[in-house]
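Dumping the structure here so I can ask a few things about it.
In this document, chain identifiers A, B and C correspond to the written order of the chains, with residue numbering beginning at 1 in each.
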Amino acid sequence: MRARVGVSRVAEAAGGAAALAFLAAACLLVLVPLAFMAGASFMPALDIMKMPYRWIPETWKPANYLRALAGNDGNWMYLRNILNSLVVSSSIAVSTVFLSSLVGYGLAKFRFKGNQVVFLLIMATMMIPFETVMIPLYMIIVKLGLQDSYAGLIVPFLMNAFGVFLMRQYLITFPGEILDAARIDGCSEPRIFREIVFRNAGPAAATLAVLSFRQQWDNLLWPLLVAQREEMKTIPAYIVKFAAEKHADEGAMMAVAVIASLPVFALFFGLSKYFLGGSAVYSAGKE
Amino acid sequence: MKRILTAILVIALSLPVLAQAPAVPELKGKSVELTIWTHEDPARTALEKRLIAEFSAANPGVKVNYVTYPSSKIKDIVVAGFSANQGPDIFNLEIFDEYQFIVNGRVAPVDLKAAGYKSARDLQGKYLPGMLDPVTEGGKVYGLPLELTNWCIYLNKKIFRDAGLDPDKDWPKTWEDVVAVSEKIVKRDGQIITRRGFDFRYGYYLTSVLPMVEQLGGELISKDGKKAILGDAAWIKVLTYFRDFGPNGKNLGSPTYTDARRIFDNDKNEIAMSLSGLYQEARMRGANPAFFNSSDWMVIPFPQWKDAVKKVPNNYYGHYYMVNAQKPKLSQQASWALVSYMLSHGAEYLEKVAIVQPTKALMESATFKNMPYSDVFAKDMAAGHIVYYGASSSKIEALLKEAFTSVMLSGVEPAKALEKLRKDVTAALADE
Amino acid sequence: MKPAVTSGVLERNRSRWGWAFTAPGLVFFSIFSFYPILNAIWTSFFNKRLLSLRPPKFVGFQNYARVLGSEDFWNSVRATAAFTAGVFVPLFTLSLLLAVFIASRKRFRRLFQMALYSPAVLSSVVAALIWLLLLDPRGLANQFVNLVARTPGVDRRWLSDGTMVQVSTMMVYVWKYVGYFTILFITGIGKIPESVYEAAVIDGAGPVQRFFRITMPLLRPTTVLVSVMILIQCLKTFSTQYLFTQAGAPVGPVNVITLNIYNTAMRDLNLGRASVMSTLLFLFMLGLTWVQLRFSRRDEVEL
């Protein structure tokens, strides 16, 4: 008996080591382009396009960062554009989490006629390529008079089908007994949602917040269409500025991108502790 | 605050020039707000913002929103804007994207009086012959050229010498020469090319590859516009040339190597010849001044086939400023007055932005003549014609690309690719 | 009899609250999703050209006949199917494995998550440029493969060969989304009560058994979520193909349906025909979701 346990311990440890090696290798591979960006942000543009590629800059050019922040015309518009991106992406992240939980909860925990149809319809909207609905969407925004405003950038993305799907799937296994108990105690439905369901949706909400924040952070086409004044533009448009063929400055562009990635990193790091609900599931009871 | 200061500074700096901006009588006492959509180009933005400030100072009722978009996205934006009837007052695109706006009646003809021309003849007379043809429809002119560009070959003399060639004697005059010198220049590591002789501008077949077909007497579309792909022998010869040039043939290059024009300025022994416009000189001067100021590079004309039946240099393409036909009359007048004022500074566009406006005055100017090798570009341009434009030109460009890449990369027989191309182009024309 | 009446009232009450909770979603999606979709379906029956000021002509099913009869459309169906098949299996397996591995670690969990999620942090414009440099014949991709396979000087033709360019799009896609789906799996795993695992360990279940007996069954809502999401994301893949073809890769092999829709609308300005393809894609998706729901309903819905 004792021997068997010993063997399984050894096997488990070996498996653990293999898993760790796999994990580390995957992470390293995935990180290659990021390392590329970091290195390139300190290089003169000509060195970036050079083959074979050097990872450590031959000539260091930290001035890329100054150029990135000050801009081609030296008006420091990037700071304003970062602010815009922060306003737009955080508003969307917050509203997506809230509205998606609301709708996802309604679909997951209430049996009503049409529940399945509503869910099906919402799901199907995920399938529409943005490029094909861009023009009708733009017309709606024009009719609402929201061009060139934060509202125009935010409103079409207040929530999305993916968020509803994610929250529904997360809440579907939420124990019904707890909800019933609350109802018997005389809790109103909105209060049940606010104090029981939403409170317990932490990991899914954190995930959704990160994903929708980053999706807007990188959205290029829609802000270009809606925001026309320089003061209303967001980061991706600013990045593209440095890639224009006749004056391409890839070094400054990389520096812009490094700066642009910092808030996403920060948000991710801040919220990632919620993904697993703070528990190490697998290691539990191992020893 | 900063903006106001900048504005004051700009106005202060431009004071001596202010007198030159004409006060347009129609605009007197009226207020108009204009919007311009144009592609990203920092040097031009700075210049045009200054010119606009001058114009607004002379015509105090005119307020202008100048909006720039990345060149890869501006077409989608303009199309979406116009489709929603929210187009700008003034915009520019590449000519083959602009043609659709003319045929669909979305743009207004040049208002001669507002633009300061005495007559249509006067307007035509300011430009080199034929330069307004692409925007002329039913006798009316619908745009004014912001830039016209043709490509010649930039040549790195050091690499030629290194390969045992004398650049001044051995520079390629024919397409056969291009292959011959490339074979001497190319260096490889196994199959991978580490030094290329020549690189095509893949993705610009109408501009840069169609002339090769035309040199041999082939045609894309017949004069009456009914038939597509004429002169099979010429087409087959060019398709075969690409196959032999590519990785399945002599392996001298392929579309997926980094574009030559992005690395030519480096002068790092990677590419000997690159197709580009006069604007490349400005980029080179900025990116690698030592190389720019050296005598290690030169520009040669677009090659011709040994047995060419006619001389056809690289086609030129252009951007024209156009004015939205849905805007009120007053806005249109103000728009044309502004466009005309901006474009009257051709020498500055050339000096600061390195783009060429095909006016007679500019071609005769010292600024143009003093640019290295500008004569090579001018000569090619005079002998050439504008790139094909029509209701389906973007689609045809894509079909050409499909045909050439299928032969060059996927091993499709030239004759078979040509048949498919003919079928697809004919269908595209029928759809018009 | 009385309890039945009460439960009927309760039922009606619950149903009303169900509608109340979903109402904001319905209003929002009606304006910003259903309306554009209906608009596309309507347009698919008209000879509508972008930029044209003339009122579009009703053409019945003519657009459908043209699209369904064109080689180009069926090539796009093939390209999309090939891409979806080629991405689904590796992406699903990899993200599930990585999620399980990360969840089983005690330390550096956030670091691993962060690393895997890093592609999402990169601006897509910059990522595009970097990938083109990596896949350049002289780039890192060739160097790495030739080093590992000990085949110096071979050009794998990542972007120029018809088959390889498809593999390259799949590779970039897996790179881009593996962190995304790993996080979704991690969120799902995090919901599994630890007590279940503790009980399993006491019963002597090894990690492999724990995975198949506990993780997989309890993770079911998440696996449904992830598989549907991967499927949808693959069917509407656009940017990688767009980017590669802009950079000189042959179009045919990777002309996925969304790329075709985009080109038909924005390049050829033929909104009628583009709408046909959008409509077909939408209907296909609707069917797929419906099937998915039928299959997952029995063990999912526990109200």
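Assume a contact is a pair of C-beta atoms (placed from the backbone, for glycine too) under 8 Å apart; a residue touches a chain by one contact, two chains touch by 3 or more.
Quantities reported herein were computed from a predicted structural model and do not represent experimental measurements.
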Quiz item: In graph terms, with chains as vertices and touches as edges, which category applies: line, ring, star, complete, or other?
Solution: complete
Practice problem: Skim through the chains and flag the pair connected by the most C-beta pairs in contact. | Solution: A-C
Quiz prompt | Approximate Å spacing (C-alpha centroids) for the pair chain B, chain C | solution = 38
Practice problem: Express in whole angstrom the distance between the two chain centres, defined as the mean CA positions of chain A and chain C. | Solution: 15
Quiz item: What positions in chain A touch 2 or more of the other chains?
Solution: 49, 51, 135, 220, 240, 243
Quiz item: Among the residues of chain C, which ones contact at least 2 other chains?
Solution: 50, 133, 136, 138, 266
Self-check item: Contacts with 2+ other chains: residues of chain B
Solution: 72, 76, 83, 194, 258
Practice problem: Report the residues of chain B in contact with chain A in the complex, numbered from low to high. | Solution: 2-3, 6, 35, 39-43, 45-46, 65, 67, 69-73, 76-77, 80-81, 83-84, 86, 194, 258, 261-263, 265-266, 268, 270, 279, 282-283, 286-288, 354
Quiz item: Which bits of chain C are touching chain B when the two form their complex?
Solution: 49-53, 132-133, 135-138, 142, 152-155, 157-162, 246-253, 263, 266-270
Quiz item: Which residues, counting only chain A, touch chain C once they are in their complex?
Solution: 8, 11-12, 15-16, 19-20, 22-23, 26-27, 29-34, 36-37, 40, 48-49, 51-53, 99, 102-103, 105-107, 109-113, 115-116, 118-129, 131-133, 135-137, 140, 155-156, 158-159, 161-162, 164-166, 169-170, 172-173, 176, 189, 193, 203-204, 206-207, 210-211, 214, 218, 220, 235-236, 239-240, 243, 250, 253-254, 257, 260-261, 264-265, 268-269, 272-273, 275-277, 279-286
Quiz prompt | Interfacial residue positions of chain B with respect to chain C in the complex | solution = 72, 75-76, 79, 82-83, 100-101, 104-106, 188-194, 202-203, 247, 254-258, 392, 394-395, 398, 401-402, 405-406, 409-410, 428, 431
Self-check item: Residue ranges of chain C touching chain A (in the complex, touch as defined)
Solution: 14-22, 24-26, 28-29, 31-37, 39-40, 50, 94, 97-98, 100-106, 109-110, 112-127, 129-131, 133-134, 136, 138-140, 143, 175, 178-180, 183-184, 186-192, 194, 197-198, 201-202, 206-208, 210, 221-222, 224-225, 228-229, 232, 235-236, 238, 258, 261-262, 265-266, 271, 274-275, 278, 281-282, 284-286, 289-290, 293, 300-303
